[in-house]
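Shared between the two complexes below is subunit A, which pairs with subunit B and subunit C, respectively.
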Partner chain A sequence: MIDFVNYFINGALVGLLYALIAMGFVVIYRASKVFNFAQGELVVFGGFIVWWMVASLGLPLSIGIPLAFVAAALFGLLVERVFFSRLAGESVFAMVMVTIGLLILIRGLILVLFGPQVRSFPIIFPLQPVIIGEILIPRSLLIGGAITVIVGFGLSWFFNRTRAGLRMTAVAEDHQVALSMGISVKRSIAFAWILGAVLSTLGAIIFLSGKSLNFLASDIGLAALPVALLAGFEAIAGVLLAGLIVGIIQGLVTAYLDPIVGGAIGTVFPFIIMLLILFIRPTGMFGWKTIERV
Partner chain B sequence: MDPAGVFATSFERDQALIRTRGQWVALVLFLIALVVLPHVLGPRLVAISTNMLIMAVVVVGLQINMGYAGQINLGQAAFMGVGAYATGALAIKFNLPFWLSIPLGGCAAAVFGFIFGLSAVRIKGFYLALTTIAAQSLFHFLILNLPQSWFGGSNGLTLEPAQIFGFSFVSETSIYYLCLAATAAMVLGAYGIVRSRHGRAFVAVCDDDVASGLMGINVVRTKATAFLIGAFYAGIGGALWAYYVRFVAVDQFTLFHSIWFIAMVIVGGLGSITGALVGVFVIKAIQESFVTLGPSIVAEFPSLGGDVVFALMNVFLGGIIAAFLIFEPRGLMHRWNILKRSYRLWPFPY
Partner chain C sequence: MTISKHIKIAGAAAALGLLTISAPASAQTTYNVASLADFTGPYADVMKDLIGARRPVIDWWNAEVGKKIGVKLGIKDYDHRYDAAQVASLWPGIKAELNPIIVLGVGGPDVAALQGRLPSDKIPMVMSTAAYGFAWKPDPWIFNQRPTYSHEAAAFFDWLRQKRGGSGPLKVAIISSEASPAYVDQHKGVQRYAADNPDKVEVVEVVFTEVQPTDLTTQVNRVTRKGAEVIMIMTNTAAVVATKRALQSLGKQVPIIMSSHNGLAESGRAIGDVKQMEGDYEVYAMAAPTDAKTPGREFFEMLQSKYGLKAKWTVSAVQGLGQALIAMRAIEAAAKKVGPDKITGEAIREALLSTTISADDTFKILGNTKFSNEGPFPTQGLVASIATIKDGKYMEAAAGVPVPSINKW
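Coming up: the complex of A and B.
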């Protein structure tokens, strides 16, 4: 029984981590209508910026991490300036394909700048787990989960209640319409990428704290995909619930089904969930019902 | 457009792929060049050419699926892998000859692709692309977790060389000719498909699926057919790969390979079979020249280190993909057509 509770809680916290990464997808989608295939690469890039600031340059955490966020924001802005500002008003297809190009490009950039070696990521959150009775909880995931919940509700408020957020929501509805209403699509996309890069860096800090880092860590981007899909690409707070659901299911499946099937079902199960969602309810739990059906 | 003085006087002439004597000459010269190529070039270049031929089959399939029918497919490498594994298993378990196991491998991939194409019943656009990502990870999971006696699990499959009438395709040159024959047949088939009623239905569905539905095209069936054909091509490519490398493993068919295939289609030009071939050639040539020139660049600038050159290739190619989408979304083939047109019209502007 205590095992079950352990798996349950850890699954939920891992799910919240997925939710944070998935928020990167959702934020970029919610402000620019672009599905960002390079999300995992953004996370790794953010991770490397933090590693570079803290471990390589030797800055203290209190200076290094804010600086890393600023650097990530600048990187997001750069991506928008170089690639997406030229595509504003063009088809969404082209923009999404550009993110596929970005995936290759950022991966190459990471290898050029930081090399393929495995680096040890600085320990941002204390390593010793929180122990309640017989339940063992990794501290970084616990703190990360709390941050995720706060960020999730904050962003949800921003996009649904403030004027600036609603403007971006209009961009996500339709670029042409937003343009004709006098909304700057370019500025919205720029903000989307800045926010996406900063969120990815935050995700990297929580995901990687005290672990090893190399360019292969970008797989988490794909692992977070089912979460974004279950919530619906427009729902920011919904990502939290979807993350919990996917994380708990994955945790339990890994614990109880893996020995039967012979391993790795935990990593593939989110994709099975994803296929089911796509077949049963493509808009996700909280997405706008705008998906055209054939 | 045709050069001046070429008039189609019958429907057959209007539909013909090769319209002028010059084009016949060019085609024959090109084919002769392909045939004599292994006798002229060194073994390494022949190996690269064989690689290009195999990829050409896969990318032509992706072109039909993505360029003509407009269905983004991020699982082409998985479909290729299914073809390779099916062929490998058939050849090892049932001792099927290669001329039987290669088409069967293609069929296995086609079935796998068709299942994912069927999701077009419910969803479209990028959501459909996401199901193909799921195909990629399901493929890995299935290969690694199905009983090891079926597909070798994480050990991979090791094949005997392809054999016919006691002759076995072991040497680089012989396998090149095998791939050349298969690729030529598949590319010819692709030209046929895209100008048949199925090909025209693909283009119609790509342009506007509501309008094409109103015109009486079965939209779902068309999309599923596109996946079926695209995956069949991928499967044939994978089967050839299996006989070429004679070792099949999961990490030869990752999501990253799928992304490279998409890059080839984009650079060559969406919606053109010739474009797919051009894209394969250009991207593969750039990759290989980076690999070849890499050591000498490192020797020149030792501070760079060997990994950097490979990484720079990724930066360069990622940049190329983005640049093509921004500046020339219709790819190299479109540029070529513009050039040809202005040459034919010269000295008049139109």
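Coming up: the complex of A and C.
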């Protein structure tokens, strides 16, 4: 029974990490209707910025991490200015294709700027797990989970309760309508990319604390995809619940089914859930239902 | 006929004359070697030393061996990104551009993409890595200087069990991944060895993770509770770091056994300090790059001083040296058999199958190497080296450790 509790808690916390990465997908999608294939690469880029500030330049965490967030925000703005501001009004398909190009570009940039070496990521959170009786909780995931919940509810409040957030929501509904209402679509999209890059850097800090860093870490973007799909690409707070569901199922399947099957079915299982969702409810649990009048 | 036409004809005749005159001076026949590398994929971090060691060996061979026997080799690197699809797409271009007589490969994707093509193209490939069970088939065109990862791991397990003493089997946990067929192959081979030798090795669990694990504390806690005496990780450094962090956070000291591509130095760098790998091991059927003045080390230093070798003395460099030397010795043997101007891929393969490449021929980087038609790697007389970190220093824990035989899996 105690093993079950351990797998359950660990799965839930990993799921919250996926949820944080998935929020990057969601904020960009909400403003631009673009599914960002380069989300995992944004995580890696954010990770390398943190590594550069803290491990390479030797800045203390209290200075290096805020500076890394600023650098990530500037990178997000740069991406929007160079690629997406020029595509305003173009088809969504064109923008999605650009995100695939961005994926390749960021990988190349990382190799050119930081080299192929595996880097030691700084220890941001203490390594010692929280131990309650026989329950063992990884501290970085626990702190990360708490941050994710705060960020999730904070962003949900921002998008649903503030003027700036509601403007972005209007942009997400329809660019032309938003423009006709005097809302700057370009500014909203730029803000979404800034937010996406900052969230990815936060995700990198939680994911990589005390571990190693190279571009293989971008696979977390793929792992977070089922979470975004389960929640629906417009639902920020819904991502938290979806993250918990995917994480817990993955954790339990990995613990109990992997040894029976003799394979990594736990890694595949979230994608099975993803396919089922796409069949049954393509908009996800909390995605917007669009009524089109012909 | 115009004057300009006369001049052109005279010029052409003069050029032909010059060529004819210079022909006897360059009696060497030139052949090409295709060098596959991972510059932008998951093993790009270890590639600098591996590739850096290949080219100087060829320069040395051209100057000191090829010149005497009338053979000159050219080499060109191709980035395969550790991706079988990329290898398959590169291969027709490599053949057309280079017409190589031999290929130097680096990993599973090369084997997966080319094992069906090379027999019909009649070009052999020599690998730097250990072999794979899925490619353990007769009539090979791919040759590994080392046995499979599972063979190397089994050699280590036998050694550690003897060192531990007692009669029970050594309890082994494996951290693996399904991200690559090579990773799956590694643990399948060990499982076969354990199944056939229950008195020697017991696999307590195979844990599957992503290539960059999120957190392994729960999994590592579980395998230590099952009594794992050693954890085998031959996938990548990210998995080693995640496992090490889990062990550190749990306050457990279970040694990790790694391979050449994710060994002590690489994993130590990835975790921040090689001292954190204290008491862990790496195993491979070739020489360990310690500070000792071995023939391999002397050869390496000679290449540094005379042939511009820039690589560091690392496991990856040793892999590159061994691989290139096997290829060079096979070309030498083929030149002796068929003549320096008639070397083909087929002749090199025949030479590889019929010649014993002695340990001295590879400056003791490898043991005596005798390939056969039974499979892609030598099956007899193999020995492994085991290295460790002791008191914060990289050192050889054992050399000449016998590699046991394993039934095919």
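Following the convention adopted for this analysis, the second predicted complex is superposed on the first by the 290 of 294 C-alpha atoms of A that agree within 3 Å, B and C clash if a C-alpha of one lies under 4 Å from a C-alpha of the other, contacts with A are read in each partner's own complex, and residues count from 1 in each chain.
Note that contacts are C-beta pairs under 8 Å (C-beta built on N, C-alpha and C of every residue); 3 or more make two chains touch, one makes a residue touch a chain.
From a predicted model like this one, the values you see are computed outputs, not experimental measurements.
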{"item": "Clash-or-fit label for the pair subunit B, subunit C on subunit A", "value": "clash"}
{"item": "Partner chain(s) touched by A:266 [first = subunit B, second = subunit C, both, neither]", "value": "second"}
{"item": "Contacts of A:111 with subunit B and subunit C, given as first, second, both or neither", "value": "both"}
{"item": "First (subunit B), second (subunit C), both or neither touched by A:96", "value": "first"}
{"item": "Touched partner set for A:220, first subunit B, second subunit C, both or neither", "value": "second"}
{"item": "First (subunit B), second (subunit C), both or neither touched by A:83", "value": "first"}
{"item": "Touching partner for A:17 - first (subunit B), second (subunit C), both, neither", "value": "second"}
{"item": "Which of subunit B and subunit C A:162 touches, first, second, both or neither", "value": "neither"}
{"item": "Clash-bearing segment of subunit C, relative to subunit B, as chosen among 113-121, 239-247 or 383-391", "value": "113-121"}
{"item": "Overlap of the subunit B and subunit C footprints on subunit A, listed as residue numbers", "value": "107-108, 111, 115-116, 262-264, 267"}
{"item": "Subunit A - residues contacting subunit C, complex", "value": "3, 6-7, 10, 13-14, 17, 107-108, 111, 115-120, 127-129, 136, 138-141, 207, 210-212, 214, 216-217, 219-220, 223, 254-255, 258-259, 262-264, 266-267"}
{"item": "Subunit C residues within the subunit A interface of the complex", "value": "39-40, 42, 44-45, 47-48, 177-178, 205-212, 214-215, 217-218, 221-222, 236-238, 241-242, 245, 248-250, 266, 269-273"}
{"item": "Residues of subunit B defined as touching subunit A within the complex", "value": "72, 119-127, 130-131, 133-134, 137-138, 140-141, 144-145, 209, 213, 219-220, 223, 255, 259, 262-263, 266, 305, 307-308, 310-322, 325-326, 329"}
{"item": "Subunit A to subunit B touching residues, read off their complex", "value": "35, 83, 86-87, 94, 96-98, 100-112, 115-116, 222, 225, 229, 261-265, 267-268, 271-272, 274-275, 278-279, 282, 291-294"}
